[in-house]
Every structure is written in C-alpha cells, then in structure tokens.
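The structures considered in this document are given below.
Both complexes shown next keep chain A, but they swap its partner, so chain B is in the first and chain C is in the second.
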Partner chain A sequence: MGGLIRVLGGRAVQAVLVALLVGTACFLMVRLLPGDMAYRIAASRYGYDLVDGAAAEAVRQELGLDRPWPVQLGAWFGGLLRLDLGVSLASGEEVAEALGIQLGHTLLLSVTALLFSLLIGPPLGALAGLRSGGWWDGALLVLSAALRALPAFVVGIGLMLWLAVEWEWLPVAGVGGWREVILPALTLALGLAAASSRVARDAVAGVVASPFFGFARMKGLDDATAFRRHGVRNAAIPVVAYLGLQLVILIEGVVVVESLFAWPGIGHALVHAVLGRDIPMVQGTALVMGLLFVALNALTDLACWLLDPRRRAA
Partner chain B sequence: MTLSSRRLLGGAMLAAVAGFALLGPLHGADPLRQNLSATLLPPGAGHPLGTDHLGRDMLARLAAGARLSFGYALLAALAAAVPGTLLGLLAALRGGWPERLLLGLADAVQALPALLLVVLVTAFAPGEFLPLYIGVALALWVEFFRISRNTAAGVLARPQVEAARLLGLGTGHILRRHLWPEVAALTATLFAFAAGTAVTTVAALAFVGVGARPPVPEWGSMMTELLPYHAEAPLALLLPALLIFLTVLGLHLLAGRERA
Partner chain C sequence: MPSAPLSRRPLLLAAAGLPVLPRPAAAQPAADLFRVVTSQEINGLDPARSGYVFTRMQVLETLVGADDGGLAVPQLARAWTLSEDRLTWRFALREGARFHDGTPVTAVAVAAALERARGQSGLLGTLPAERIAADDGAVLVRTSRPFAPLLAFLAHYSAGILAPAAFEGQAVREMIGSGPYKVSRLLPPQRLEAARWERWDGPAPAIGRVSYLAAGRGETRAAMAEGGQAELVAQLAPETVERLRRNPRVAVDVRAIPRTRLIKLNCASPLFRDVRARHALSLALDRQGMAAALLRSPASTATQLFPPAMAEWHVPALPPLRRDLPEARRLLAELGWQPGPEGILHREGRPFAFTLRTFSDRPELPGLATAMQAQLREAGIDMAVAVVNSGEIPAGHRDGTLEAALMARNFSLVPDPLGTMLQDYGPEGGDWGAMGWSSPALNGVLERLGAVADPAERAALRGRASAILHEELPVIPVSWFDLATAVSRRVAGLAVDPLELSFRIAGARWAG
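For the complex of A and B:
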C-alpha cells in the first residue's frame, strides 16, 4: 500500500507542476505579447470599431492590469486555484463551461483509441513473440517501424481517404453517433499499437524463453494452456507499464487528429485558441490536456500495481 | 536485418532526400510562382512532378520543403542536444544542488507532453519559425540531459576512473578519455531520434496551421493545401507524405536501435 501511495503522490506533484508550468507560461504570454493587453480585451468585447482609450482604461481597472506584476501573478494563480479560468476572448463564453463539454469528447476519443490499440497491438505482438524469428515476427518489425515513422496526421488522411471517401464505410469527419468516433480513434490506435506490439512481442519472447515457461511445457501443458496460465500475466506487466510512456503519443496525437477530423475536443480547441491568441482558452485547454495526461498516467500506475503482486508487497 | 545494414538503409534514405533537396533547384522553377492556367497538372514536360492547385511547380516546392525540414531538424536537434548534453555532464561531475535543481527542472518539463509545450511557446513567441525552434529545444533537451547524466554517473563510479583520479589526472582527462566516448555514442542515437521528432512536430503543427503557414513550402502545410484536391491530384498529396516518411524512417534506422 505504501508503494502505491508514494507513486500516486508523485503523480499529484506532477499535476501541480503542470498547473504551475501552464499558468506561468500563460501569464508570461499576456505580459510579453506586443501591444496593450487591456486594449485588446476591450476590442474583443466591444469590437474593434467601437473601442477607445476610455474603454481600455475601464478594462484595465476591472481586471487589475494596472497593479504591480507580483500581485497580478498571485491573483492569476488564485483564480486557477478556485478553478476560475476566465472568459474566452473569442466567443465570450466561460472557459470552464466550454472545457467541460470538450473534455467529454476528448475522453470518449482517447478511451476508444486506447481500447482499439489494446485490441490491435498486444495480440499481434504476442503472436510474433511466440514464434520469434518467424515470418510474422519479421513482418511486424517492418510494419511497426513504418507506422512509427508516419506522423498521425498522415495516417489519418490515409484512413480518411480510404475508408470514408473511397469506400464510404464511415463518415469523413464531425461528431454525432458512434460511427464518427471510429476513424479518429483508429488513427490514434495505430500509432499506439505500433509501439505496444513491440513491447508485447519482447515481453512474450522473454516469457517463452524463461525457465518457468519451459517447465510448464515439460510437465505436459500444451503451448496455448501454458501461455494462458503462466505467460499472459507476466507478459502483461511490461505492456501496461509501457502504456504510461505511450500516453505522450496519445495526448500529442489528440491535438492533431481532433483537428483533422473536426472532432470538437480539447485538442481541437487548443489549436483554435492558439491561432486566435485567445489566452484564457489556451490556458484552460493546455491545463486540462496536461492534467488528463497526469490522470491517465496515474491510472496506468494503478493498473501496474494491481497486476504485479511484487509491487503490492513492496 | 543486422545493425549495420539497417544503418546503411537509413543513411541511403536520408541521402536520397538530401540529394533531392540539393538537386531540386537545378530544375530552375520558383516554388512560389503561381500559374493559374496550369493547375493540378500531372507529371510531364516542364513540371517533372506536376503542379499544385495554384499552378506552382511541385518539384520546386517539395525540394524547398526538404531544405526547410532538414535545416529545421538539424538546428532544433542541435539546440536541444548541446545544452542538454553539457548540463547532463555538469550534473554528473558536479553533483550536489546543481544536479538536484536540473533534475527538478527536467521533471517539470516532462510533466507536459512535448507537443503541448511547443504549442504553448508558439502561442506567444513572435515569428513563424523561431518559436518552433525554441519549443522543440525546450522539450527535447531533457532527454539529452537525462541520458548523458545517467551514463556519466555510471562511468564515474567505475574503478578505472577512480584509478585515473588517484594518478592525479584531472577532470579534463576523465571527460575526454572515459566519459565522452560513451556519452557521445548514446547522444548520437538520441540526436537522430530528436531530429525525427523535430521533422514530425513541425509538419504536424504546420498541418493544423500553427507555425509554418502557406505559401511557405513546408511539407505539412502543403498537405493541408492539397487535401481538398485529393481526387484530382492524388500524387501531389502523396509526395509530401512520402518525403516525411522517408526522412523520419531514415533517421530512425540511422539511430540504429529501438528507442528506449
């Protein structure tokens, strides 16, 4: 139990680091951007034709932009602590409210992608590991090396043109029923599976070569039974542990893939906010993506802990 | 496939793309010159790889994109590798509070996925390419730092290093004879991966409209521009994707081992 608490405590520290990093970056962003911040906010509120010096001054007073910067930094993080993320400069809606809706979409996409990748990667890798040196082992090596060299957006375009445009099996983009989630999730899953199939292959090859597996075979269990009873759990530990590293691929992929498939999640919103210099929205989306990354990592830690009795004992 | 033949294959891929980048200008077309009466031409006389939706020569644009990507990948990876490796060596040699400070800093940077960090930097730094360099260097120096620090710490604990110290040989000698050979090999591997990451990051960001923007002949933004014409000119859409693939795969193969 102590081990688990220590690991999850590390994740909590990571979450605080994410908030500090994103918060400071966005605070600096506001101060470093050329031009008058108050004027820009006023312009986005009243329109560029109607804004004047008096309106900008009113905004400056209201938001406290005339105070010394340490006070402002304190107020900024105070707002973060109270989960007051401000109002979008572009649409005028509450950032926290918009994020709630987007987070739902992103969660649906990432969980589906993770499930797909677990259905594709580890089984294919395990097949290669059971017969290491065989033809499938070689083919999988080439396949996964090729997939790793392809950026997610290229894979996505390929799948979109092939499955949606050419064969018209699936909708091209957008959001709605369950069919819309398949293409973006599959795009992300292929990138993840390229990595996880290699880990599964090495883990299974290691188990097959191990003395305990040889003993299980020697006492008369056939390959399939021996693998089911003695192999799967041992091989699963590195695969799940590696999921933590793969989450970087997932979160980075979400930013690009959501934009490609017009999936209204956090990644899509982040790109829009960056293009529109909508700072409260940039801060909110980056913060939620970073925290999602930490939360998924914590879940991986938990899964490793449950799978591996040695860790529970520690 | 053996390690050396894998490296050879990777080197050949990179040489092919580099040769294309260098020989492209000999064709003489301007990558930015439009000709609206010759749009989406298939490969043929005058335009060996056809033209895009604005009648720009594809060969010239792809070659210009290759020079951009290569230059970018090299500079960004260098900007991450040099400070990262030096700080790693410094941390291992010096120990104490500088090491703890740097390790904490590395943890803080890695708390966020790299692409997110790059996007954050591009959101506020001015210019098209400078923020990408800064962002990628900021995100990737950590890997160089960790690997050089861990390797160096391992080497420093060896008896032969202690013997060298007892013989009165200075830090310079230990750095040159004991640390550098091992750190350099790992750093070279990491450098190839970092360059690959830089190429994909820039292309992916340009594809969604962050960083390089049209009419800059960047592979990712070329694909954004050509996506609506996939039916009329599939080759024009395929070529930038193929070049990205060859470059990144070449770099990964050249690195020669599985990514840790």
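For the complex of A and C:
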C-alpha cells in the first residue's frame, strides 16, 4: 500500500508543478507572439475588418493590457488559488464554465477513441504475436507503420469521404448526437491502435516464447487455456504501461481531429485561443490538458499496480 | 505451434463485407430540418460579436434589412420617415411583433437595445447619433448631421434587437430575439438549433426547424455538401467548387459580392508618393493569372476597385486595370529608377524594396502575396512578404511603419458602401483604406453624397468618386470576391443573399 501512496503522491506533486509551469509558459509564449495583442483580441471579438485603432485601444483599456506583465501573471495565479480561471478575453465567458463544457466533449471523444483503439489494436497485435513471423504478422507491421505515418488529418478526411460521403453511414462532422463522435474517435483510434498493436504483438510474442508458457503447454493445457491463464496478464502489463505514453498521441491528435470534425473540445478551443491571443483561455486549456495528462498517468500507475503483484509486494 | 485462440477469418470477412451492408437511414436528414454549415463560430451572445450568426439564422432582427442591391427594406420597423432638416428619423414598429419570451416588441425596448449597442466598440459606436429614444410608440433617432447611410448602419448585425430580459447589466445572458425562428439549443462555439417561433407575426415559415454548424475546415464543409448532410453550405473553398458542381444533389451558387482584395500602400513613403509609381506597381501585376490559377475564378479579375456587383459604384466606362510590363518599366524609369545588381531597380543608390504585410485569416492571401512578389520582381521591384496577424495592418497604419499590405475589404459592412468609403478614403485615410493619401476632390464628393437625396446627382457623385480612386490608386485592386454557396436540391425558393445578411430560410420551402 505504501508503494501506491508513493506513486500517487508523486503524481500530486507533479500536478502542482504542471500548473505552475503551464500557466507561466503559456502566458509568456502568448506575450512573445509577434503583433499587438489588443488588435488581435479585438479582431476575434468583432471580426478583423471592423477593428480599427479606437476599438483596439478600448480593448487595451478594458483588459488592462498595458499593466506590467508580472502583475498580470500574478493576478492569474491569485485567481487560480481561488479556483478562478478568469474570463475569456474574446467571448467574455467564464473560462472555467467554457472549459467544463469543452472538457466533457474532449473526454467523451478521448475515451471513445481509447476504447475503439483497445478493441482494434491489442487483439490484432496478439494475433500477430501468437504466430510471429506469419503472414498476418508481416501484414500488420506494414499496416500499422502506414497508419502511424499518416497524419490524423489525412486519415480523418479518408474516413470522412469513405464512411460519411460515399456510404452515408455517419455524419461528416458536427456535434449534438452520439453518431457524431464515431468518426473523430475512429480517426484517433486508428493512430493509437497502430502503435498499441505493435506493443501487444511484441509482448505476446515474448510470452509465447517464454519458458513459463512452454511449461504451461507441456503440463497439458491447450493453447487457449494456457494463454488465458498465463499469457493475457503478463502481456497486458506493457500494453497498459504503454497506454500512458499513448496519451501524448491522443492529446496531440485531439487538437487536429477536433478542428477537422468541428468538435467543440479543448483542443479546438486551444487553437482558437492561441490565434485570438486569449491568454486566460490558453492558460486554462493548457492547464486542463496538463492536469489531464497527470491524472491519466496516475490511473495508468494504478492499473499497473493492480495488474502486477510484484509491485504490490514491494 | 500454438493455434490462435481467436479466429481471424470471421473478423476479416466482416471487415471486407462492411461496404456491402445497406446504407442505413442514419445519415439521412431528419424531416423538416434545414442544416446550415459555415466557417464562422459562435463567439458569445452579444450581437456585436456573433450577431451575424443570429441575424442570418433569422433569430435576431434588425430595425431595417436590405435587399440584394443594398436598399433598406422593412424588418422590425414597418415604415420610417425623415424630418425636413434631415436629422430626425422616426421608425414605426410592426405592431404584432413579439420577442421569443412572449413580451411585445416595444419602442422602449428597441431604443434601449440600440442605445446599448452604441456603447460597444464596433460599427455602431461610429454613428453620429445624438439621441435614440422611444416616442409615442415609435423609435426616434436624431443625428448630429444629415447622415444618409443611417438605415444601412441599422441593418448591420451589431444593431440586432434583443428583448430587455436578454440582458444582465450590460452583458447579454440569453438570446431572445424576435425573428421567425427561436433558439431551441445552443452549443457555442459550434452549433445552434432553432425552431419556428409560433407567435411570429409574419407568414409562417414553411421550414420548421433549422440548425447551424461552424466547421472551420473547407474540406469538412465540402464533404458535408457532397454527402447531402447540409442544405446550405456557405463559404466553399475555391478548390472544392468544381467537384461540387458535378454533384447532382446540390446547386452551387457563385456570385460576386461587394468585397475586393487590394493592396494598401503607404502613399507618404518616397516609393509610392508619386502616382506614377503606384500605376507602375499596378501594371506589373498579373491579375488574370492569379484569378485563374489561385482563385479558380477568372471572372474575379479586378479591373477597378468596385466589382460589377456594386452596380452603383462600378463604372463600366473606366479603362480596365491590366498588365503591361514595358509601360511599368517606362513609368519607373521616368521616376529615375535604373536597373541595378540582379535586375533590382535603384535610385540614388537605394533599391526599390519594401515589405508587404498580409495575414492568413483569409487563407488565399499569403498565396496571392507570393505570386505578386514574383510578378513585381520581373519589373525590378523587390517586395518581401510578411504574413502577420491582421491587427498589424491597422497598427502599422497608426504608427506609420506600414509600407504595403494585401488585404480584403468588405464594402458592405453596412449595406450602403458610403459608410465604408467615409471610413476608408476620408481626409485622414483609414485603417483599412488609404494611407498618407488624401484628395480634396474626393472628400467634397463624399461629403455631398452624405447630404443629397436626388438619385441622379447621387449616381453622378458615386461615379466621380470611383473615377478619382481609379486615377489616383491610393490602393491597388487585385481581385474581386466570389461567394460560393452549395444549396441542396431538396430546397426550393431560396435565393442566396449577396450581402450575407440572411440565409433567408424562412422564405424557402422543401422541393417536391
């Protein structure tokens, strides 16, 4: 149990560091972007060709953009302590309120994508691992390399044209019903599955070649029983541990896929906030993504801890 | 060898068999739902910010609207009069009009909404209005000077009329308009759903439900039109138009709109102070090539500032802008520019070099800028391209650091282009117009246009203004705009609004 507390405690410290770093880095990076912030914010409020010097000046006054930057950053951290993320410079909405809605969409998309990828990747990888060197092993290698090499944008357009335009099974894009989530989730899932199938394949091939699996077969268990009793759990540990790493791919993919499929999630909001120099929104979205990352890693730790008795003993 | 615990055959068969399954009705449109897809997101409820979504979806109404030619037509106001001194406007409201919360649309509510809109930055802030008030059931607007474009300003989306209950202090908390459609579900920034407003006082719309989706990627919008998943797709990207034209499900409507891509020049700089230098620059541009290859619309080649769609300002008799490199070189030589190293022109030891700022909010602009860079290079002009954010153009105009900018200007921000002209080409120039250039003759013409009412005199004045801009070239027109819209053939009776004020769904019906 002490091991578990150590692991989770470490993640908690990490979460605080992430908040500090992400908040400061986002603030500084947006400030360092070329161009006058007041103009950019006014453009995202009123449309670029309605913005003139007077409108920009009004925005500058309203938001206090000419205050020294340490004061502005300090104000944000002060708000964060009170769990107040501030107000979007572009839309005037509460950042926390907007994030709550966007986070829901992004989580729905990510969890669905992860589920799809687990249904596609590890089973196909396990099939290849059970007969390493077979034709399916080779085919899967080529397929997963190709899928991983294709940007999510291209995979997404391909799926859109095939499943939505050509076959009309699914909506092309949008939000509002359950069918809208399938295509973007599938786009993300294919990229994830491409990687997790390789990990599963190697893990299963390792297990199948191991002395304990040979022993299980020798004592008379048939293939399926031997694999169920002695293979699945052993092969699962690297696959689950790798899920943590995959979240990087997921979060990177979410930014592109959400824009492509008009999905109002956090990645989409981040892109818009950066373009609009909406600092509180950039800080808020990046913070949530960072904390999400820490939380999911903590979950991965927990899953590995539950799967692997050696860790619990330690 | 151990055998696989799972059999892969059924799996592979299933995958191969997918496209053989019948097409389910899942992607088919729900009955009586008109789906609009555009690129513009819903950034909040304030009409100044996202009013265009709500006015186009006919949720929010303005006092007056505009027809295709930009002339004012009744909307919330059923009629209006102007006093003898041309200062006081009196708007009579539609008696039966009701806001979506059931309260009647009163003159007090309208005046309050307009008064609040005027306090916001943006277009209405520039209105020379002294007083907006309710008077005996009508709305009075008194201006400080005769101001003919007032009606056009009031047709702008930022002047949308919200119910008193929509506000909390100065902030808009709820979208309570008075149009034929009432918001039923709002998922900003992406989606809006609305349904027929049962207490609408006009003819009941034939189409019962409408939805709005903002899809930022042109590929996504084109796919939605192609797959029959939207009844109206606005702002089609040029490269997708050809493909959609071949699709039997949709009619592609391409029409010129009152907007021009142009180069803004700092006419105070030694490079462009002489009108001959500006003409030389203009003569070096291959507008036809750019329109055909980059914009895929040869008809958008600009031959003067105002497109033919702006019939009142477009003057067919003006000699068209064209490419003539020898003439450009001759004009530049006249100004003392001589070819130097690597073919770049020099004068008094200095090269003809400058930086053109442009931005990517309009995705075609950086590509056009690079093409022009190569074209000007042929005339010995060394132009650098800086892709910046759009605010750098007005900011550079203010601090004088701007040398040149490629931008798109909308002349129907208010349906009457005079409003934009006054902003852009007045005595001081304008953030999105002339810089370091002023013409007393043009100022006189514009001032007179704001004051006279006689149609014949106004037409002559407009022609004169266009001719001055054509001769002086304070800005160099590059191309006009096409608005490409895909409309499903399931829909009948829908005429695309060239001024983009409304999607006009309330007047449309289902075909067949």
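Quick notes on this one:
Everything that follows uses one rule, which is that the second predicted complex is superposed on the first by the 265 of 314 C-alpha atoms of A that agree within 3 Å, B and C clash if a C-alpha of one lies under 4 Å from a C-alpha of the other, contacts with A are read in each partner's own complex, and residues count from 1 in each chain.
Methods note: contacts are C-beta pairs under 8 Å (C-beta built on N, C-alpha and C of every residue); 3 or more make two chains touch, one makes a residue touch a chain.
Note that the structure is predicted; figures quoted are calculated from it, not measured.
Touch criterion met: A:25 reaches chain B, while chain C stays clear of it. In the superposed model, A:91 makes contact with chain C only, not with chain B. In the overlay built on the shared chain, the residue A:266 is in contact with neither chain B nor chain C. Applying the stated contact rule after C-alpha superposition, one finds that A:216 touches neither chain B nor chain C.
In the superposition on chain A, A:252 makes contact with chain B only, while chain C stays out of contact range.
Comparing chain B with chain C, the partner in contact with more residues of chain A is C. In the superposition on chain A, contact is made by A:51 with chain C only, not with chain B.
Of the two partner chains, chain B and chain C are each touched by A:161. Overlap of the chain B and chain C interfaces on chain A: residues 34, 157, 161, 165, 259-260. If you check the complex, the residues on chain B that touch chain A are 107-109, 111-116, 119-124, 126, 196, 200, 203-204, 207-210, 220, 223, 227, 230-231, 237, 241, 244-245, 248-249, 252-253, 258.
By the touch rule above, chain C contacts chain A in their complex via residues 1-6, 8, 19, 23-24, 26-28, 41, 43-44, 46, 48-49, 52, 121-123, 125, 158, 171, 185, 187-191, 193, 213-217, 219-220, 223-224, 226-229, 359, 361, 388-392, 394-395, 397-398, 407-410, 413, 423, 430-432.
Taken together, the chain A residues at the contact with chain C in this complex read 34-36, 38-40, 42-56, 58-59, 90-93, 101, 123, 126-127, 130-131, 136, 157, 160-161, 164-165, 167-176, 179, 208, 217, 223-224, 226-228, 259-264, 269, 272.
Residues 14, 17-18, 20-22, 25-26, 28-29, 32-34, 145-146, 148-154, 157-158, 161, 165, 198, 247-248, 251-252, 255-256, 259-260, 270-271, 273-275, 277, 279, 282, 286, 289-290, 293-294 of chain A are the ones that touch chain B when the two sit in their complex.
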